[in-house]
Amino acid sequence: MRRSGARRAAGARNDAPRAVVGSGPAGRFLFGASVVLLCVWVLVPIYLLLVNALSSPQEVTGFPKRFVPSFDFGSIRFFASFAGVAQALWNSIAVAALTMVMSLGLGAPAGYALSRFEFPGKEWFRMIVVMTRAFPLPLLALPLAIFFIRTGLDDTALGLAVVHTVLAIPFATLITFSLFSGVPLELEEAAWTLGCTRWQAFHKVVLPLVLPGIAASAVFAFIVSWNEVFAAAVLTVQNRTLPAFLVQSLNVSPLHLKFAGGAALVVPALVFIFAVRRYLFAMWGIASR
Amino acid sequence: MRAKALPYLLVLPATLFLLVFFVYPALQIGVLAVSGPEGLTLRHLQTMAGHWKFGPALRWTLLLAAVVVPVQLALALGMASIVDRLKAGRDTVLYVFAIPLGLSDLAAGIIWLAIFEQSGFLNSVLLHLGVIERPVLFLGYQNVWVIFLAVVLAEVWRATAIVMVILVSGMGLIPKEYDEAGQVFGASAWQRFTRITLPLLRPSLQSALILRTLNAFEVFAVVIALGGTTLPVLMGETYQWQFMLRDRNVAAAYALVILGISVASTLFYLRALRVPRGATL
Amino acid sequence: MKTTLRFLAGMAFALVMAAQAVSAQVLFWSTQASPIEETQRMRELVLAGFPGGVNFQAQDTGPFYTRLEAELASGRGEIGVVGALHGDLAIYVDSWVDLSGVDLGGIAVSEAFMELGRLGTDEQKYLPWMQANYVMAANRQALEYLPEGADLDALTYEELVAWAANIHEATGVPRFGFPAGPQGLRHRFFQGFLLPSFTGSTVTRFRSAEAEAAWELFKELWQHTNPASTNYGFMQEPLLTGDVWVAFDHIARLADAFNQRPDDFVAFPAPAGPVGRAFMPVLAGVAVPVTAPDMEASLALVEYLMQPETQVATLLATNFYPTVDAPLPEDLPPAARALGPAINTMTSSPDALPALLPVGLGELGGQFNQVYIDTFERIVLANQPIRTVLDEQAAVLRDLMVQANAPCWLPDEPSVGACPVD
């Protein structure tokens, strides 16, 4: 940190590099403008998705495209009347919930161990965890399916959740690791000296601080499980999840249904993120120590 | 509880789980890549490397990752800083920034195709504004670089939220006092950001970069949607060999290539962004 | 947050523990009728009448193969009946139950299709379920640019090129469309339409001078083809948006255009070359895997699918035509009314030259198709010299045929042993 000293701060600010975003009115305007710009950048394609989902088939294939939806609910109505959607939705929720629980249950302790301890095999473990995201799932699906059929895990929510957990563990482990690394050991040690057991110190002191990491891991676990198609299509046949049930058909369907289906599939994920959004950001910094 | 055994006990469940459900099937596939009826062989790797689409697929995948990841990192850092600085409306803005997370990459591909295709939204806008008289073909196979840019744009839009959410979750733990101390000492906002925030964000940066880069090497759905067969990528070739050409050994060879570049980049991030133990400052 | 987590965990476990629906339905595992409206119609119109119920699930090829292989490898499965194209069924020729015993009553099934259904063995490995074809479709606006003296129902390839050139010149934009995207059926065009029309053969005269002429002509046609064709999988979409005015594709992938705006489009046969008007039918079959859980129910479903009433319902659901002699109703949807006559005109024209689906390639079918796709991409997209590409690809094709040890099929002359590549 530059030791500019109080002189510089109090006096001439001219020779310090000008802040792009200062606290003056110009700075505030720039800040506000960039917030608005980024929000627009994110929201416009979503809006276009909605426009197409709520337009008639002729408008979806027409040119030039309209930018205002005509509120033709035909496409949406089609999905509402599509038999089996409700059951598939339920199955998806079950699998996603199981994935969240399992990935956090397995990943958070591992993240803690990675951040606090040096032990032989640590790098190997970290590598294995990360490599689950490096291996193409369509190839893994075959040996896994054979294994599941032989052990009875086939066509169960638990079986599919196991596969999704394999995909979600890297998120849970690495994110909790990065957050545990940000909590100084001194806090835990202070708790120990005050009479807490290791678990109590963890539970009462560290865990609340790591809540954003847990929330982020839960979000990723849910999203990964919710949107996963291939393993779901192979490992569930009678009790299909929503992507296995819909997405493959949507890929080869007429354009207006692709949009309506895509919009319908994204809504529950958006609802979930909405529910946990405030936990993603720690409300408090660590108090000075 | 013996302190020495504690770390092993903590990682044991995850290790066992991954050994059974990941390592074992992955080894089976990996073995396929180097074995045949005659025993150990490099034949499949040679087939893969000799195929005319291997080189382009590898190059495009690496190039895509090399362009997209830094852009997303910068953008995500900006978004995370904004969220950090906001007082009112933080929850809403954070939610808006995180919305693309909920979309599958298939849906993102469909949306951006609807924007870029010949009768799509971009052409409609340009037509309304009078910039063009008839629709422009952006995604023709002759302009590979335009397709590449379109893919970059779509990927940046889709996946920046991944990096951002990880960074935001780590940012909240940075003590405000350091930033305030920096202000007292006259450091500009940029200096505070690069000298205080970034170093403290290192663990989150490492995690976010590893996860995002590995995901980038498996890019598939968006490329297929926007580029069709024009822009080969590693994951697409894997799919092709496994299901169309029915050669599981060469598909496994491709998987090993993806694994190889993933390991290499992970090691790079682990070294470059090494996180000191205990996070003492 | 904690209570939310606990709630979700509890609910998840409850759902897992709850009795899973044990289904007495037959699982019908299919790659066909995949578009979502077709799936809906299959379930509601075609399969609803089957006693015991059918769970119809349509898949992409990836999950389709993976699940099937997993069940076959582990010896147990839930799939009762498989519905797929000839080429897919040929891959697992050893895994299908012999269907010769299925009682077809007095139903007349095309003998040529039954022969294909034996997959080169002497058991009936699959029953021909439904058939389709490839035709051409055009926007009515394009008709005024037809060359002088050209008959829409009897075009030649040269006339097609001239037509496309006229449209290109008049509108300033190339408007011929071709399904050259990753899901497009471009290989069937080259195997069954373009090459046989010029050479009279699919495999044997792959690198002949006539084949060279065919590719020259296609390159010329490509000048007037919408370059976005490398993205197209289903020509109905670009036809509807107006990006394309003349297109070639599978009838099921043109149907939506005709159903949405029947008065704007017209269907007509594929063009003819010097040797004839070559075409390749599409054949889908139903088979029963050896791991089917309830063999009786599976065989009953197969029999049900072959009944004339079911076949007609299948036509209404999927735009695929019956393989049995079934009287067609009066009120067909616009797509069937437009596309059916085009197929008939093509298959019964005086210069018709049927090209059969590959037989005996088994697992190598995909690599066989890839030869033609690579040839197209190298010659037309990458502009490599035609003679060099043909020679190199012919070598690949030769190796493939030897490896598969597959004898020639129509339109090639029968061979002893592997089909030769001159």
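General observations
Order as written gives the chain letters A, B and C; numbering starts at 1 within each chain.
Simple rule for what comes next: a residue touches a chain if its C-beta (ideal position, glycine included) is under 8 Å from a C-beta of that chain, and two chains touch if they have at least 3 such contacts.
No experiment lies behind these values; they were computed from the predicted model shown.
Shared contact partners of chain B and chain C, listed by label: A.
Distance from the centre of chain B peaks at C, each centre being the average of the chain's Cα atoms. Between chain B and chain C, the centres computed from C-alpha atoms are 36 Å apart. One inter-chain figure worth recording: chain A and chain B are separated by 13 Å, centre to centre, where each centre is the mean of the chain's CA atoms.
Annotation: 39 Å between the Cα-based centres of chain A and chain C. For chain B, the set of residues that touch two or more other chains comprises 119, 135, 239, 242-243.
Residue positions of chain C with contacts to 2 or more other chains are 62, 241-242. Those residues of chain A in touch with two or more other chains are numbered 61-63, 138, 215, 251. Interface of chain B with chain C (complex): residues 52, 117-119, 134-135, 137, 139-142, 224, 226-230, 236, 239, 242-247.
Those residues of chain B whose C-beta lies close enough to touch chain A in the complex are 1, 6-8, 10-11, 13-15, 17-18, 21-26, 28-29, 78-79, 82-83, 85-86, 90-91, 93-107, 110-112, 114-115, 119-121, 123-124, 127-128, 135, 157, 162, 165-166, 168-177, 181-182, 184-191, 195-196, 200, 203-204, 206-207, 210-211, 214-215, 217-218, 235, 238-239, 242-243, 248, 251-252, 254-255, 258-259, 262-263, 266, 270, 275, 277-280. Of all residues in chain C, those touching chain A in their complex are 1, 4-5, 8-9, 11-13, 15-16, 20-21, 23, 27, 29, 34-37, 39-40, 43-44, 55, 57-60, 62-63, 66-67, 69-71, 73-74, 76-79, 183, 233-234, 236-237, 240-242, 256, 260-261.
Residues of chain C touching chain B in their complex: 61-62, 65, 91, 172-173, 180-182, 226-228, 230-232, 238, 241-243, 363-367, 369-370, 374, 377, 381.
The touching residues of chain A, counted against chain C in their complex, run 57-58, 61-63, 78, 82-83, 90, 93-94, 97-98, 100-101, 104, 138, 141-142, 145-146, 149-150, 154-158, 161, 211, 214-215, 218, 230, 233-234, 237-240, 244, 246, 248-255, 257, 261, 275-276, 279.
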